[in-house]
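Read through the structures below before going on.
Next, two complexes with chain A in common: one pairs it with chain B, the other with chain C.
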Partner chain A sequence: MNDEQLLRYSRQMMLPEIDAEGQQRLTDARVLIIGLGGLGSPSSMYLASAGVGHLVLVDFDKVDLSNLQRQIIHSTPDIGRPKTESARETLKTLNPEIKITTIDHALDEKELLEQARLADVIIDASDNFRTRFAINKASVESKTPLVSGAAIRFEGQISVFDPRNDESPCYRCLYNDDVATQETCTANGVIAPLLGIIGSIQANEAMKLIMNIGETLNGKLMLLDVMHMEWNQARLGKDPKCPVCNHF
Partner chain B sequence: MKEIEIIINGKSISVTEPISLQQLIKQLEINKGKFAVDINGQIIPKSEYQNCDIREHDNIEIVVAVGGG
Partner chain C sequence: MEITFKLYATLSQYLPAGSVNHSINIKISDSDTAFSLLDKFNVPRESAHLVLLNGVYVNPEDRDKPHFIKDGDTLAIWPPVAGG
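Coming up: the complex of A and B.
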């Protein structure tokens, strides 16, 4: 690590829990971020600025004026550009040291599994349940830890599913995939800073997983209600009859 | 048969014992799409709804899935 890098990361490297070893782990890590909207914006920005060596950004969408209230990685001149391109530019300005790979189409099952296998951590920053269940399956099958975050209106939910641990629940242990639900920010609305809070926690959990420090939200579901500013936590175990994580 | 008090999403209601979580969900017509059930701070696995008996003073939260991002 050169002097400039030491200076860039000095305020986190001075933490004994991180130090040079933790920083090296971040440098060597590859994180798959699915969705560059309200959650993917803050989480990818923090992971880039903290020096995670390789970020793989996936989004098929283009920047729209109605995104800018909350998707802070994109700016007004980016309207009409692919989100991956706009995001890459912001992240490269933040930290030119890191490698960024962009994928500007929706991944099919095979591609998703391949990307999951290559990643050290997956960040689910998507905006629909179909994608969430597909990401979960790829996480379970590749045994790659998944940091799941979601937000709508004034409510957020976060958890970590870590299939490296046999006792870990998966996203399918928590929610059923057989009922159709449309709960997107586009359809229901969302307050912007809530996404900043949830996305930042996702980045924080991903960094801890990479550095193998502290305790994560694995086995816990964290619920946030920003209207009443209340945090709640529930313990979440594996469903012994889960159709997804009992197959692998 | 005995009336018991339970709390659901912060509101106190009474139900007739014995009652399983599965029966309670049906009785309350909880039909909110994807949801999880937290009883006294523990999410109950879906495969155990049938065998999960509701007890007096149980604090139950119906956690509705959030998918936005």
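Coming up: the complex of A and C.
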């Protein structure tokens, strides 16, 4: 690590829990981020600025004017550009030291599994249950920890599903196919800073997983209602009948 | 027996008058289940995906099980969230 890098990361490296060893783990890490919207914006920006060595950004969408209220990685001149391109530019400006790979199409099952296998941590910043179930399956099959965040209206949820631990529940233990809702932020609205809160916690959990420090939200679900400013935490158990994590 | 019944976020609209901070104390019978209480308050079951009893996630197969809820318990319900 050169002097400039030492200075860049000095304020986190001075934390004894991180130090040079933690920073090196961040530098060596590869994180798969799926979705560059309201959650993917803050999470990828924090991971880039913290020096996570390789970010793989996945999104098939283009930047739209209606995204800019909350998707803070994109700016007005980016309207019409692929979100992956716009995000790469912002992240490279934040930290030219890191490597960024962009994928501007929806990953099929095989590609998703391949990317999951290459990653140290997966950030689920997608916006629908179908994608979330696919990401979960790839996480379980590849045994790559998943940091899952979701937000809509004034409500947010965050959890970590770590398939390296046999006792860990997976996302499919929490949500099953009966979930009828296909509510999206586009159709139902969302308050912007909520996404910042949830996305930032996702980045924080990913960093802890990479550095192997502290206690993550594995086996726990954090629920936030920002309208009434109430945090709740629930304990999640593994579903013995789960068709995903009992299968692999 | 009496329990504390909480409906969060958009579900709080289904709470009766007299509820404070998403919460109301209600008297229930031994045979009441999480689902029967949802029905009593006209909460659509598909909108009430996260059922927590004393802060622990309740698996779907236990949500209609009688005698699962005990006197003094807190039953909290959250809607599903997938946006991002």
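Assume the second predicted complex is superposed on the first by the 245 of 248 C-alpha atoms of A that agree within 3 Å, B and C clash if a C-alpha of one lies under 4 Å from a C-alpha of the other, contacts with A are read in each partner's own complex, and residues count from 1 in each chain.
Methods note: a contact is a pair of C-beta atoms (placed from the backbone, for glycine too) under 8 Å apart; a residue touches a chain by one contact, two chains touch by 3 or more.
Predicted model only: the values in this text are computed from it and were never measured.
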Contacts of A:228 with chain B and chain C, given as first, second, both or neither: second
Touched partner set for A:176, first chain B, second chain C, both or neither: both
Touching partner for A:209 - first (chain B), second (chain C), both, neither: neither
Partner chain(s) touched by A:154 [first = chain B, second = chain C, both, neither]: second
Doubly contacted residues of chain A, that is, touched by chain B and again by chain C: 35, 37-40, 124-129, 132, 149-152, 155-157, 174-176, 179-181, 183-185, 188, 190, 195, 221, 223, 232-237, 239, 241
Touch list for chain A against partner chain C, complex: 35, 37-40, 124-129, 132, 149-157, 174-176, 178-185, 188, 190, 195, 221, 223, 225, 227-228, 230, 232-237, 239, 241
Interfacial residue positions of chain A with respect to chain B in the complex: 35, 37-40, 124-129, 132, 149-152, 155-157, 173-176, 179-181, 183-185, 188, 190, 195, 221, 223, 232-242
Chain A partner contacts - residues on chain C that touch it in the complex: 8-10, 21-22, 46-47, 49-50, 52, 55-57, 59-61, 76, 78-84
Chain B - residues contacting chain A, complex: 33-36, 38, 41-43, 45-48, 61, 63, 65-69
